[in-house]
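In the part that follows, the structures are each spelled out as C-alpha cells.
Each of the next two complexes has chain A plus one other chain: chain B in the first, chain C in the second.
Our next item is the complex of A and B:
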C-alpha cells in the first residue's frame, strides 16, 4: 500500500486492550480516507443502536491519503462517529499537526471504544502504544494540558486534548490539536470525555512515507505549492486570515446578524473584518503542517477589559459567531471569547449560535430570568457572554448552563413556545456563519443535504456560488447568480461529489481551490497510486455521500430531515437579499431527481446504489 | 475588440471614470483606505492600454500607461473584460478563477471597494454618456 499505511489502532478503553488492524485496500480506493473511510469502517463494524456517549460508542480518527506530504493544505484529518449533539452520523475535520505525525508513527487512524476506569491519555510512540494515567490533567484547560504534555513527552510530540466542556459532556465540545486547531463540530469532545480520555499524544521517530510515484509527485508538488500559495485568495488568507473577505460577505448579506434576523449592519465590515484584526491585534501568522498559505492568526489584546496575552486568534466563523450574530462589533471581545472556547474545548459556532438563539428567546420572553438563574441575555452584552454564559455552559452550571450545554435544538425543545422556529440549524447542527439568503441559495440546498447537518465545508458550494470553482473536465462550467435557484441543484451535485472527495482526502478547502481536476487525479495516481480517471474519482465522491446518507437513514433520518428552519428560509428583512424568496422545495426536488434519491426515505435508489458499488449496503436499507 | 474601436477609447473611458470617482467624497474616502498604487493593465488589448490610480498617502492621481513606480497591485485583463467589469457585469471572483483577470500583489485594499462597485458602475455609465458613448452602456 502506498501513502496510507493500511494500519489503524484499535483501542478498547474498558480493558486497555490495544490491537493493530489492517484495513482492506479496496476500502481506501472506494472511500478515499478521512470521513469516507471512517464511515465505511463504522458501517461494517459499528453499532447503530449505541448512544453517542455510552462506553460502547465508537470514536474514529482517520487520516487521508495525503497526510504527511510537504504540500499545502494536504494534512488535515477527521474524527467521526455518532454525534452526541445531533444523534446521527457525523464527522469533524481539523488542520494542525496531528495527521502527519500519526501517519509517520505508522497509522492511518485510531478507533476507540469503551470507557477508561479513570482519566487517561493514549500515548503513541511508533510501535509502542500505551494508556497512561491522565488524572493530573482532568479538570484543566486545554492550553495548560497541551503545555504539560509537551513538557512531559517532548516539544515535538503532537497532541489532541479535550477541555472541561468535553469532560462535562457538553454536546458541542471540541477536541483541539496543539491547543488551537479544532475538531470543532458536532461534539466529539464530549465523546472523548465520556470515555475518560483526556488526550492523545503521538510521537514519530521518522518522517517517512512511501509514494506510488515519488518522482512524478515531486514534479506536481513543485507546481502545486507555488500555485496554491500565490493565488489571490491565498494571499488574502495569508494577509488577513479567514475573515479577509468579511467586507464582501457584509455587502452581499452573507454575514448573519442577531440570530439571522438581519443581513445588514452599518459599520460591521470595518469593525470585524480580517484587516482590522491584523491592524489591531495580529502579532504573527502561523500555519498547519507543511502549508505555505499560513492563514492562522496569533493575536494579543494588550489592554482593556478583554486583554489577553499573545496566543491563538479567531477565525471568520468565530468572529461572526461571537460578533455580529450575537449583536456585538467588539473584536477584542471576540478574541477573548475565542481564547476561552479554545481552552474550555467548546465549538465556537454551535455555542455562538445557541447563545444568539437564547438572546432572541430572552428578548421575546420565551426564555425568562427564571430559566437563566437571573442572568439577562441581551444582544451585544459581551461581559455577560464571556464572564457568565461561557463558563456556565462549559461546566453545565445552573439552569442556564444545563440548558445551553445541550445545544439550541434541545434547548428549544425544552422551552417550547415555537422557539424551534428561530433556531438556525439543519438536522440539529447549528448553521455556519454564511447566510444562504445572502451568500447563495444553493447553500440552502447543500446545508440541508449535508449528512452531518448545516455545514459549509461538507462541500464547496459557498465557493461555487461565488464563482471560485471551475471544473470543465467534469462538465462544471456554470455561471451562477448567487441569489437565484438557477442551475443550483446541478451545481450542488458536483459540489457535493467534490466536497466528499476533499473531506475524505482531508484536504483544506482554502488550499485546494487551486487544484484542477487533472491535478487531483495526478495526486491520487502518484501518491496512493489509484490509476484513476476523472469518472472514477467523481464516482468515489458520490459513493461516500451515498454511504453517509444510508448511515443517517439507519439512524432514523429521512427526506423530511433535509430541511432548514423557518428562520433560515424566511425572506431576509433587510440588506442586499431583502425580500428575496428561496425556492428551497424546487431545488430539493430537482436534486433528489438528479441524484436518483427516494423522495421519502431520502436515500439513493437501489439502482443508484448498485451503480456506485454499494449493493451490499443497499441490502440493509432496501 | 467587442466594445472598443481601439485601445485609446478604453483608456479614455476608464481614466475618465476614475477621475469622476475621485470627485465622489465617499469613494475618495474608500480609495484612501486602499492606500495603494494600482495598475489596471489592459495591454493584452493593445500597447499602452493601461490606467493607473495612485491613492497612496492621501493622494488620488489617475494616469495612463505604465506608472513609473512599482504598483502595489496589478490587475491584468482585456479591455473588453474591463468594460464588463466596470459595468458590474463580470463576476470578479469568477473572472479570476477562469484566469480572465490575473492579479499580482495585495488585493486587501481593493476588497474594501467591493461594496462600492455598484456606485462605481453608475459613475462609469455617466462617464460613457458624457464621452458620447452611451451606446456602449451594457444593459
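Our next item is the complex of A and C:
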C-alpha cells in the first residue's frame, strides 16, 4: 500500500486493550480516507443503536491519503462517529499538525471504544502505544494541558486535547490540536470526555512516507505549492486571515446579524473585517503543517477589558458568531471569547449561534430571568457573554448553563413557545456564518443536504457560487448568479461530490481551490497510486455522500429532515437581499431527481446504490 | 452622464472611490474591465443599494459599489 499505512490503532478503553488492525485496500480506494473511510469503518463495525456518549460509542480519527506530504493544505484529519449534538452520523475536520505525525508513527487512524476507569491519556510513540494516567490534567484548560504534555513528552510531540467542556459533556465540545487547531463541530470533545480520555499524544521518530510515484509527485508538488500560495485568494488569506473580505459578505447580505434577523449593519464591515484585526491585534501569522498559505492568526489585545496575551486569534466564523450574530461589533471581545472557547474546548459556532438564539428568546420573553438564573441576555452585551454565559455553558452551571450546553435545538425543545422556528440549523447542527439569502441560494440547498447538518464545508458550494471553482473536465461550466436557484441543483451535485472527496482526502478547501481536476487525479495517481480517471474519482465522491445518507437513514433521518428552519428561509428583512424568496422546495426536488434519491426516505434508490458499488449496503435499507 | 463608483473590501486595492464621466450605455461589466479588476474575481455591482446584473446599463447619477464575494469560512 502506498501513502496510507493500511493500519489503524484499535483501542478499547474499558480494558486498556490495544490492537493494530489492517484495513482492506479496496476500502481506501472506494472511500478515499478521512470522513469517507471512517464512515465505511463505522458502517461495517459500528453499532447504530449506541448512544453517542455511552462507553460503547465508537470514536474514529482518520487521516487522508495525503497526510504528511510537503504540500499546502494536504494534512488535515477527520474525527467521526455519532454526534452527541445531532444524534446522527457526523464528522469534523481539523488542520494543524496531528495528521502527519500519526501517519509518520505508522497509522492512518485511531478507533476508540469503551470508557477508561479514570482520566487517561493515549500515548503513541511509533509502535509503542500505551494508556497513561491523565488525572493530573482533568479539569484543566486546553492551553495549560497542551503545554504540560509538551513539557513531559517533548516539544516535538503532537497533541489533541479536550477542555472542561468536553469533560462536562457539553454537546458541542471541541477537540483541539496544539491548543488552537479545532475539531470544532458536532461535539466530539464530549465523546472523548465521556470516555475519560483527556488527550492523545503522538510522537514519530521518522518522517517518511512511501509514494506510488515519488518522482512524478515531486514534479506536481513543485507546481502546486507555488500555485496555491500565489493565488489571489491565498494571498488575501495570508495577509488578513479568513475574514479578509468580510466587507463583501457585509454588502451582499451574506453575514448574518442578530440571529439571522438582519442582513445589513452600517459600520459592521470596517469593525470586524480581517484588515482591522491585522491593524489592531495581529502579531504573527502561522500555518498548518507544510502549508505555505499561513492563514492562521496570532493576536494580542494589549489593553482594555478584553486584554489577552499573544496567542491564537479568531477565524471568520468565530468573528461573526461572537460579533454580528450576537449584536456586537467589538473585535477585542471576539478575540477574548475565541481564546476562552479554545481553552474550554467549545465550538465557537454552535455556542455563538445558541447564544444568539437565546438572546432573541429573551427579547421575545420566551426565555425569562427565571430560566437564566437572573442573567439578562441582551444583544451585544459581551461582558455577560464572556464573564457569565461562556463559563456557565462550559461547566453546565445553573439553569442557564445546563440549557445552553445542550445546543439550540434541545434548548428550544425545552422552552417551547415555537422558539424552534427561530433556531438557525439543519438536522440539529447550528448554521455557519454565511446566510444563503445573501450569500447564495445554492447554499440553502447544500446546508440541507449535508449529512452532518447545516455546513458550508461539507462541500464547496460557498466557493462555487462565488465563481471560485473551475471544473470543466467534469462538465462544470455554469455561470451562476448567487441569489437565484438557476442551475443550483446541478451545481450542487458536483459540489457535493467534490466536497466528499476533499473531506475524505483531508484537504483544506482554501488551498485546494487552485487544484484542477487533472491535478487532483495526478495526486491520487502518484501518491496512493489509483490509476484513476475523472469518472472514477467523482464516483468515489458520490459513493461517500451516498453512504453517509444511508447511515443517517439508519439513525432515523428521512427526506423531511433535509430542511432549514423558518428563520433561515423567510425573506430577508433588510439589506441587499431584502424580500427575496429562496425556491428551496424546487431546488430540493430537482436535486433528489438528479441524485436518484427517494423523495420520502431521503436515500438513493437501489439502482443508484448498485451503480455506485454499494449493493451490500443497499440490502440493509431496501 | 456622471457615475459615482466605490470599492468595498479587497477591491480597494484596484481603485479608490471617485466620480467619472461616461458616455451613455456604460455597464458595470465595462466599468470593472476599465478599472482593471482581475477577471477571476466574481464581482457584484450594487447600484443605489440593490445588486443589478453586470450587463445592465447604468444611468446618470447612479452610485455603484463594486464588491467581490470572495470570503472566508
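Basically, the second predicted complex is superposed on the first by the 622 of 622 C-alpha atoms of A that agree within 3 Å, B and C clash if a C-alpha of one lies under 4 Å from a C-alpha of the other, contacts with A are read in each partner's own complex, and residues count from 1 in each chain.
The rule is simple: a contact is a pair of C-beta atoms (placed from the backbone, for glycine too) under 8 Å apart; a residue touches a chain by one contact, two chains touch by 3 or more.
Values in this document were obtained by computation on a predicted structure and should not be read as measured data.
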{"item": "When chain B and chain C are modelled together on chain A, clash or fit", "value": "clash"}
{"item": "Partner chain(s) touched by A:469 [first = chain B, second = chain C, both, neither]", "value": "first"}
{"item": "Which of chain B and chain C A:254 touches, first, second, both or neither", "value": "second"}
{"item": "Which superposed partner A:59 touches (first chain B, second chain C, both, neither)", "value": "neither"}
{"item": "Contacts of A:457 with chain B and chain C, given as first, second, both or neither", "value": "second"}
{"item": "Partner chain in contact with A:389 - chain B first, chain C second, else both or neither", "value": "neither"}
{"item": "More chain A residues in contact - chain B or chain C", "value": "C"}
{"item": "Shared contact residues on chain A - chain B and chain C", "value": "232, 236, 244-245, 247-248, 250-251, 269, 466-468"}
{"item": "In the complex with chain B, residue positions of chain A that touch it", "value": "232, 235-236, 239-240, 244-245, 247-248, 250-251, 269, 275, 466-470, 479, 513"}
{"item": "Residues of chain B defined as touching chain A within the complex", "value": "91-98, 103, 106-108, 111-112, 114-115"}
{"item": "Residues of chain C defined as touching chain A within the complex", "value": "8-10, 38, 40-42, 44, 46, 49-51, 53, 65, 67-73"}
{"item": "Complex contact set, residues of chain A against chain C", "value": "232-233, 236-237, 241-252, 254, 269, 273-274, 315-317, 432, 434, 439-440, 456-457, 462, 465-468, 481-483, 509-510, 576"}
